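Chain IDs A, B, C and D follow the sequence of writing; residue 1 opens each chain.
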Amino acid sequence: MKKIINNPENVVQEMLEGMVAAYPQYVRKLDGFDVIVRANAPVKGKVALVSGGGSGHEPSHAGFVGKGMLDAGVAGAVFTSPTPDQVFEAIKAVDGGAGVLLIIKNYTGDVMNFEMAGEMAEAEGIKVASVLVNDDVAVEDSLYTTGRRGIAGTVFVHKIAGAKAEAGGTLEDVKAVAEKVIKNTRSMGMALTPCIVPAAGKPTFTLAEDEMEIGMGIHGEPGTKRTHIMKADELVDHLMDKIINDIPYKSGDEVAVMINGLGATPLMEQFIMNRRVSQILKEKGISVYKTFVGEFMTSIEMAGASITLLKLDDELKQLLDAQADTPALRQL
Amino acid sequence: MKKIINNPENVVQEMLEGMVAAYPQYVRKLDGFDVIVRANAPVKGKVALVSGGGSGHEPSHAGFVGKGMLDAGVAGAVFTSPTPDQVFEAIKAVDGGAGVLLIIKNYTGDVMNFEMAGEMAEAEGIKVASVLVNDDVAVEDSLYTTGRRGIAGTVFVHKIAGAKAEAGGTLEDVKAVAEKVIKNTRSMGMALTPCIVPAAGKPTFTLAEDEMEIGMGIHGEPGTKRTHIMKADELVDHLMDKIINDIPYKSGDEVAVMINGLGATPLMEQFIMNRRVSQILKEKGISVYKTFVGEFMTSIEMAGASITLLKLDDELKQLLDAQADTPALRQL
Amino acid sequence: MAVNSAELIEIINLIAHDIQENKDFLTELDSAIGDADHGINMSKGFKAVNEKISTMGDKDCGSILKTVGMTLVSTVGGASGPLYGTAFMRAGQAVGAKKELDFNDLPIILDAALEGIKMRGKAEKGEKTIIDALEPAVEVLKKSSPVDIKLMEEAVKAAKDGVEYTKGIIAKKGRASYLGERSIGHQDPGATSCYIMLAAVYKAIHDKNN
Amino acid sequence: MAVNSAELIEIINLIAHDIQENKDFLTELDSAIGDADHGINMSKGFKAVNEKISTMGDKDCGSILKTVGMTLVSTVGGASGPLYGTAFMRAGQAVGAKKELDFNDLPIILDAALEGIKMRGKAEKGEKTIIDALEPAVEVLKKSSPVDIKLMEEAVKAAKDGVEYTKGIIAKKGRASYLGERSIGHQDPGATSCYIMLAAVYKAIHDKNN
């Protein structure tokens, strides 16, 4: 395991310390908890947004704490949902009296832990609502299963719901727009290499030199299939086919695009992917309103990437364009 | 070679196309040249900043093209300085009548190619000045050699000289402040794994599972020494020792810090490094004015990172804080 | 058989010990169809439990079990934390202020645990989860009364069969469900940890009886 | 010997061919003490040269050499592009409008090339660069006149010795200089490509003479 770390047991704690040391103007850490909140939390009268999950997805989620996005990011152990008391502390620390929206990625663990935290907060009289992000089209959707995972599309929820809250929306408003984003967001990813959970010390799986995994989960869970390594354009065609046909996105639609690197894949390759994405959308008559390329929801040092599309309307466009000032995403 | 690419020969071209497709509000590409300029270039009356180098360092340099930073980024083949005619085209495209500053990293190839381009531009009556960035303390400095390499500290030059130009500085002013930044900037890096130049198809060097390379160059050139893999704190102590004692940075100084991931090293590890950096600076009475953590000057998908310190005065602080709006670095 | 508070703590410590011993095994099972952390999560939780209950020898059995549950909830995280946490908390509620437990408390405890897991995780038997080990064991324990060590052995055997059974089915809940068909052929980590816990309890009681 | 424009183009094509053949070898040398691109850079440049000069058979030798230089400058990049580019451009200037070259033009051409490289790269002999192959060859060619095929053979031999010599010294210029002591023991890629070019010219002329 080649990592720049000290003790695998302390990675989350030390990472959060290093983050707070880097961005005191944006964030602070709650004493005794792996929770990052805005430096000026709670913001009186504003609906507060809390997200989180296992660590290893940096900059998600704490990197998006700041003006126009989240109020708190809760950091579990690497790839393990945080516990309810951590989430509960986050809720208490950021509630500014207008209620708290929990943005939960749809994993059994996240759902249960955040739910329990919500119950604890409500028992103390805090108004809590929650939304479940489930943008990953790699996973079959069905009433009889857990449904789809939440992956990189979650960042669009943070951005747009955050802008709504900043603009003075009520908890109901903010929840409604978050749900609109979720309804219109689809993603899918792939991996070229596995990643190593520091405490495990070895990769979750192995891929041969000529193999890649399609539909990879962001926790290094196996994907939907393993194939020979494809050229960038062929690969993007495959992912886009799944994504576009899901909603479906149609000619005349306007979308936001996110190319999300999973960790080790350089910007060079992400841009090569985006080139093909923009070609495909053009061919289909779908226009690109705004594009985000970079690392938003990573899987430690996994090589690979995901593509996300968000179908926009006027409200979503305006909120997507709104100012944001966080360590990992800024917009003037 | 596991990369999301099509043909290794087209990576630079396709990357630039993907970049322009992502950020039309920021940049455009010069037809027939691997040159990215501001969407609104040339900016009349403003000193223009041109930088560039081999590709493979993304987001450098084209990612920093935009308001408050560069006017053009010239992209050579992967790890190969661009040719003079490419740089010449960039100069012509961005000159707004107030002259052009070339920000050159101190590599023989970059220096010669940019110099020749400067000569070509001057022959056409364009005012050109240039600065050489040489922040890498891993390399012995000596009058009788090429001197030190330019690495991640170059981004501080882009930021601060860019702010000066945006504020209306003359070519002399902008060059002077760029030189001040260079004089006060020191960096050093290390690598855990090599990277693969697409056209070469295999790594430049190999490192055993328990080895790391200290003082690694950003072209995958061998570093100054190879050691057993160290813990993060020990490693940071080693790099910081070299950096701090070079200028030297002293108690009472105020600095900007940059932790720069080389490609495959996740933010988690970069933050763990920053934790130790901030501890060391605190111990030494050096105060941190501002910190940048992320990927600024990469080496394709190399695992590793560099640390940069920039000693600040009031002028530099103000310019560092100035607004920037580019694909890869934004400040409100 | 009668188990007082101090002995209950010993039994829980034995569970903790066996989870610890199987840490890598559970993580490996989770690698195949999950995210390679089940052993790590469980071992972290039971280490905390170990410390937390060490001074509770004078407390009633319900309080001890509830403390175990709360400790798991607040240290494990992931899916297993809330599930096993709720299970132990419900078991503690079911037991109440008792200072001694006997064989006949076993179906009551495990039934409460099972209901807690079902409430929290909204899963049913046959979905490749903890329930596939726990529910068959509860069914055995509930089928005749009074409960004795033989029935308990049978219950543990049923849990083991349940673990085997998970190999053949598709996961419908939890992270493994994302794999669809590809989850077939792998044994469920949570069902396995549940069996390991039940087996630890059986072993403790069996050794005590001999 | 006399070389007209068409034959000059053939000789340059032979250089291009030998550079192409040694592409991987040169890149490998550059891996050890540089950034693993010297062969790639040179081969890209000479492929472009090949195309560019194919229709220049009716032009004078100076124009051909200048075109080679300009093509290298605008396609190679890196350190070697401006250096070899300047070398060929200077050689072209030295030759002027001649439509035929003979043995005695050789020291003039190579001396101009050497001066161009020195001007552009500010390096001297002994710094582990192209110069360590080129300067010894020029010295041999300049030591007696008229120049003949034997002297040329000797000059190529001197370039080869120069390449050998680079193994033992520290790099003081170019990317390899960052390595300090660690550059010792490795043969310089640029000196090697220079020797390969000189050897190609010798071979061409030698074959023509026989």
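Convention: a contact is a pair of C-beta atoms (placed from the backbone, for glycine too) under 8 Å apart; a residue touches a chain by one contact, two chains touch by 3 or more.
Bear in mind that the values here come from a model prediction, so they are computed numbers and not experimental data.
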item: Shared chain contacts [chain B and chain D, defined touch]; value: none
item: Per Cα centroids, the chain farthest from chain A; value: D
item: Averaged-CA centre spacing for the pair chain C and chain A, given as whole angstrom; value: 32
item: Rounded Å distance, chain C centre to chain D centre (Cα mean); value: 76
item: Chain centre separation in whole Å, for chain D relative to chain A (CA means); value: 55
item: Chain centre separation in whole Å, for chain B relative to chain A (CA means); value: 29
item: Arrangement of touching chains [line / ring / star / complete / other]; value: line
item: Complex interface listing, chain C residues touching chain A; value: 27, 31-37, 40-41, 44, 73-83, 120-121, 172-180, 182
item: Complex contacts: residues of chain A adjacent to chain B; value: 2-6, 11, 14-19, 21-23, 55-56, 58-59, 63, 192-193, 209, 212, 229, 231-233, 235, 257, 259, 263-278, 288, 291-293, 295, 298, 300-301, 303, 305, 323, 325, 327, 330-332
item: Chain B to chain D touching residues, read off their complex; value: 54, 76-85, 107-109, 112-113, 116, 136, 138-140, 144-146, 149, 197, 199-200, 204-205, 217, 219-222, 224
